[in-house]
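Presented sequentially are two complexes of chain A, the first with chain B as partner and the second with chain C.
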Partner chain A sequence: MTNEFSESLEKKLEETTKLGLEVVKEATEDRLMKLSVGPQHPGSGHFRFTIKVDGDYIVYCDPDPGYVHRGEEKMCEYRNFIQNIPHLERPVIHDSTNITYSYSLAVEELLGIEVPRRGQFIRAIASELNRQVYTLYWLAIYGIFLGHSTMFMWPAGDRELFIDLLTALTGARVTHAFNIPGGVRNDIPDGFKEKCLEYVNYFEKRLKEYENIFYNNPLFRQRTENVGILTKDDAINLGVTGSVLRASGVAYDVRKVEPYDVYNEIDFKVQYMKTCDSFARAYVPFLDMRESCHIIRQLLDKMPESGEVRMKLQSNPKGTPGESYKRVESGRGALSYYIVSDGSSRPYRVKISVGSFRNILALPHLLVGSRLGDMPCIYWALNYWPVEADR
Partner chain B sequence: MATAPKDFRFGNFVGSLVWLIFWIIVIVSLVGLPLIFIIFFYIPLPYSNGEVITPYLFLSMIVDPTRTAPIIKFIIHTDFFRAAVFPGFAFAAMIAATTIYVERKFLAKMQLRTGPLYAGKIEGILQLIADGFKLISKEIIAPSGADKPIFWTTPIIFVATAAALTVLIPVAPGWVGADLDVGLLAIFAILGFFPLIALLFSWSCNSKYPFIGGLRALHQMIAFEIPFILSALSIVLLSGSLNLTDIVESQYSFWFFIIAPLSAFVFYISSLAELERVPFDLPEAESEIVAGWLTETSGMIYGLIQLGTYLKLYVLAALFVILFLGGWMGPQIFPQEIIPGYTGEKIYNATVINGIFWFTIKTFGMIMLILLPRGINPRIRIDILLHTGWYKLIVLAFINMFIVLAMIYGGVITPGGLQ
Partner chain C sequence: MYVIARENKKVENKMTDTNTNTESNTNNTNKSSNLKIVESDLKIENSLYSELSSQFPDKVQLVYTKPKRIKIYVKPENIIEVAFFLRSHFGLDHAESVCGTDYPNENVIEVIYHLNSYSREELSQIIFALSTKTDRNSSYLPSLLPVFKSVEYHERETYEMLGVYFKGHPRNERFLLPEDWADIPPLKKDFRIKGR
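The block that comes next holds the complex of A and B.
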């Protein structure tokens, strides 16, 4: 856009100088308007990115995360392995089971303990339920970002189904602190299985309605199809993960590639699309939710009827010196922990690698050259959670 | 689903109303009436028809219909009453207020919510009044560097322009504030002011997001003005008049919707765009440009602009009814007389009441249709919007216009009915 303009401008400039007229050259910067999107903007979250617009086109984008940095990694070094659980789930409370899942896996490797089989199943159930909660919240915000108020209210309402289930399971609405090294905190309550099946069956019917009102809406398709193309090569080079990667035609899911706990016993498909546009990035999480329902049903089926759910640990467990790296598939992609231990009861170093921070790297690449009206639908389709990225 | 607070008792509600009336009577008789008599002691009493109107006579006039009827008739036939109260501003504002309440409840039911519930005890009917008081009591913040005179006056001009439109709408036979021969043209002329006001306001704010919103409003209204006028043109061809009363009266045998459905569709879509409603709410797109050209509004400035917007909504719904759905035409359901054997001056007119009834019913139906897309559609992008306006809607409006012209020249219809 700008190049064409500046070329034609220079051509005109040459013509006018030939005539002997004096010309004041308009600087390219004069045409641009600098807009600050966030941190107090309805379309940003706890995050800021600066854009420059030339008319309706975005010509420059500079993401500026870090508004909610809390130093989670440093805080880990001053607490023991168990004390770390409650504060580690704060960066993404809507997906709190998944963010503590890979931490627990890594610590278990360091401490050399194994989770009982029933505990592994309960972990996986809680993880899938929490994935639904997160994705519904994400979808609600995606709806309101596109001006679709019904799509804000419906997922936000149906999210309560899974929150009810998780409350029955863990005792808290969003901050569960449920996964701990050695298993899960408590066994499932009575009647949970029937309640869970009932809710999941109802939710599958609701998913059809979501598809009818939102994904099959011609106006929604007009807005998102062929917008913000992230090709397969670009997606791999930029290092995006999760639904963003799968929407670019790469069938990559940590649950399938490196199955952890009981996921190798579960039969499910990796949902991916080859259109590489914003629509695909909005649709893949929806397909994931549908697949998650199948997974929950299988997990409830295969779960052992009774048994231990947690391996008893010392009150202040210590492992051998060493390091471990574990990752799980969270709502936003691969979420991994790298933990180094020096043999004491506290970790020597904890490094959290989150999907959000990887996905936001694609934002300038996608925004530059697109229209101002496409900004929310490209930005939020990247499945970015600002608080998690800042850690 | 809960529709009233848990401890709601209808008896208590009625009881509180009775107590309210009791205290009003007590206060009026103890304080109000003595005050009035004191005032009348000092000022000379007015004459009417050769008799002094004493307070006693005045009270008897209120009760005696033969005396009050001429006065009421005189008042309701003044131009001021027509502009300010009945077919004009107050009537439109009442409909606008009802619309806001209905919209909130309607949208809430659609989204599996309850909507306003507590203000006014029954289904939150007083929510709007509460919101109004809240807006009045809020501080109005003018941005530093704003062009203050324009910033303060444009909201008032916005409401005044919207109120000017309501005067041109005929509600019943003979009931219109200004019966112009170019009524339709006048409405389009006044509608043309709105993008200017939006642009002026957004420029005066000295802020970036309002400025983008104002430019978007301008683009959008220009793109949709032409299909808007073209869709109304086929009705002008059919009725042979620009006078809105004539247009309604020429639909006595059939509605123009039957002959011009495409025009009606174009008119409906264009009015959505004129009103900046979903899916055409680009000038107020929240996630892109905060609140568009309303970003810097606060307190009653916001309230005034909302009032103007809802007045505009009423006017465009009413215009659709007048052009396509036969205005006040409908079966006579009201009796010719309400007091049998009454021979004095008559205020009640069965035809007029019937006209008002049908007009209001149809207008509300149309308003609901305009509110509906808000629940089911996302916002569209500006290039798709401009493409829709300039390419698709203009073509559709032209197609219907040519159909109408062919029918007129082919002798199938004449202005006013089938041949």
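The block that comes next holds the complex of A and C.
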């Protein structure tokens, strides 16, 4: 009697627990809501990611880039080394000097040529100016998405200064096609040095105002401090780069660890922070801008007064069979090119490894467990440029 | 710091033994890349290889050493073991890129992991290229995701662009291409852009 009773009791228990589990499962599935962010949402650039939210908390995130993928790597295989430059800068037109910089370095190794010293300095100046342009653009977007419209207007306005300088230098506002294998396309115009110094000095004063109105703003601090913690170990494991890495306490800058061209003659500090939160990720680019002003001044000071800026190439140069891997520090971190040449005038394979693509790995890591309202401030602090990641 | 200093000492001792072996390799790279390479510039690169080859005598094969660059070739069945050693002993803690290259003439696809270190200062300037090859028609490779978390999206990209299936990777699926992509992987050499 007791046995039967206990057996039936067990059966009932099993049934109820099964039923209970199903009920719980259904309930949790009902609780979750799937949201699709982007790719045409102004808050995500051109990047789509799906998230699931439980109430206010994000429990799942799946990035799905590729909306603006255009197959840059395949396109490179159909054009010769020089023809590749204009289309390679399309992924990130705000930082176009840096994205062609490492390409030029890699091709120079394959062609076995060296850039004249004055050309190296002009390259470095253009890339620093372009870094300012990019960072200001990013800061403007970050400001407006946190509801701070002054921080949209000011950087967008000051960005014009550097764009003017780059226009005088290269002849184009954003898509410069300035770096070419062998040097830069043209020499600096008359009066550029004085104009550049004047703008940089003015901009440095402006940076203090930025700090007062934006970074010391209690509202901005409340929204970003202790939000989206990426610890040092996680940052290293995920292989993030650029300001995201430096905000997690790793002092790593390609200009410092592997100086290219003239950067070993320049005295500058790698800017990093140890707080690992979104505030640090927003503040490190700001520190970089300040450091970049010092770099530009030193470059202008040390640049040789005269000389060649470009080594003349044959009309259709052929690379030596082999491969080359070169990288530079762009606005979004290390930007590297791996180029294989089979001895013809076209590259056999070009692989572009960009900071943005490496940094999206941190997005699910940071978003899961955070609140929905923190999403924009975590996402934009990753210094992510969707078009560059898609290539 | 102590560990690094000790390793450096070990490396220097080994340098004296292996100089004769590595000379022939650097001579080869001199010819191919037109670069003047001084033997002393390649100290760290050669010592890395000599330490690795003493650990895995038959399993690793040096392709080249250039200033700040080293490339080795490993067979697919040994790659996890070697990658684990690179991570735990050398401190190469992340992959900068994973690149697949199609060679239809040799009927292989080469996959290269460009490794770098954030935690060891003297290795941060060096790109360690770990390469392996797989058959072009049935491309299977073990995934390095258990060793390097940073390869997750890079391997996924290599899968869709070259059709290399990474065993052990949870998501060998579409990433950058359109959802309705119904052609062969585009970075294979048989794929031609229309009109070209």
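In this section, the second predicted complex is superposed on the first by the 365 of 391 C-alpha atoms of A that agree within 3 Å, B and C clash if a C-alpha of one lies under 4 Å from a C-alpha of the other, contacts with A are read in each partner's own complex, and residues count from 1 in each chain.
Heads up, the rule we're going with is that contacts are C-beta pairs under 8 Å (C-beta built on N, C-alpha and C of every residue); 3 or more make two chains touch, one makes a residue touch a chain.
It should be emphasised that the depicted structure is a prediction, and the values quoted were computed from it without experimental measurement.
For chain A, the partner touching the most residues, choosing from chain B and chain C, is C. Applying the stated contact rule after C-alpha superposition, one finds that A:Ile144 touches chain B and leaves chain C untouched. Of the two partner chains placed by superposition, only chain C is touched by A:Phe357; chain B is not. Contacts of A:Pro321 after superposition on the shared chain: chain C is touched, whereas chain B is not.
Of the two partner chains placed by superposition, only chain C is touched by A:Arg349; chain B is not.
With both structures placed on the common chain, the touch criterion links A:Ile213 to chain B but leaves chain C unconnected. By the touch criterion defined above, A:Ser336 lies against chain C but remains apart from chain B after alignment on the C-alpha atoms of chain A.
By the document's definition of touching, of the two partners only chain B reaches A:Met153; chain C does not. In the superposition on chain A, no contact is made by A:Glu128 with either chain B or chain C.
The residues of chain A lying in touch with chain B in their complex are 33, 35, 41-43, 56, 143-154, 157, 213-214, 217, 219-220, 222-223, 371-376. Chain B meets chain A in the complex at residues 107, 110-113, 208-209, 212, 278-279, 281-282, 285-290, 374-384.
Touching chain C in their complex are the following residues of chain A: 64-66, 69, 71, 73-75, 78, 109-110, 112, 235-239, 245, 250, 252, 257-258, 320-322, 325, 327, 334, 336, 338, 340, 348-349, 351, 353, 357-358, 360-361, 390-391. For chain C in complex with chain A, the touching residues are 32-35, 68-69, 93-97, 99, 101-102, 112, 114, 118-119, 121, 124-125, 127, 129, 148-154, 161, 175-178, 186-187, 191, 193, 196.
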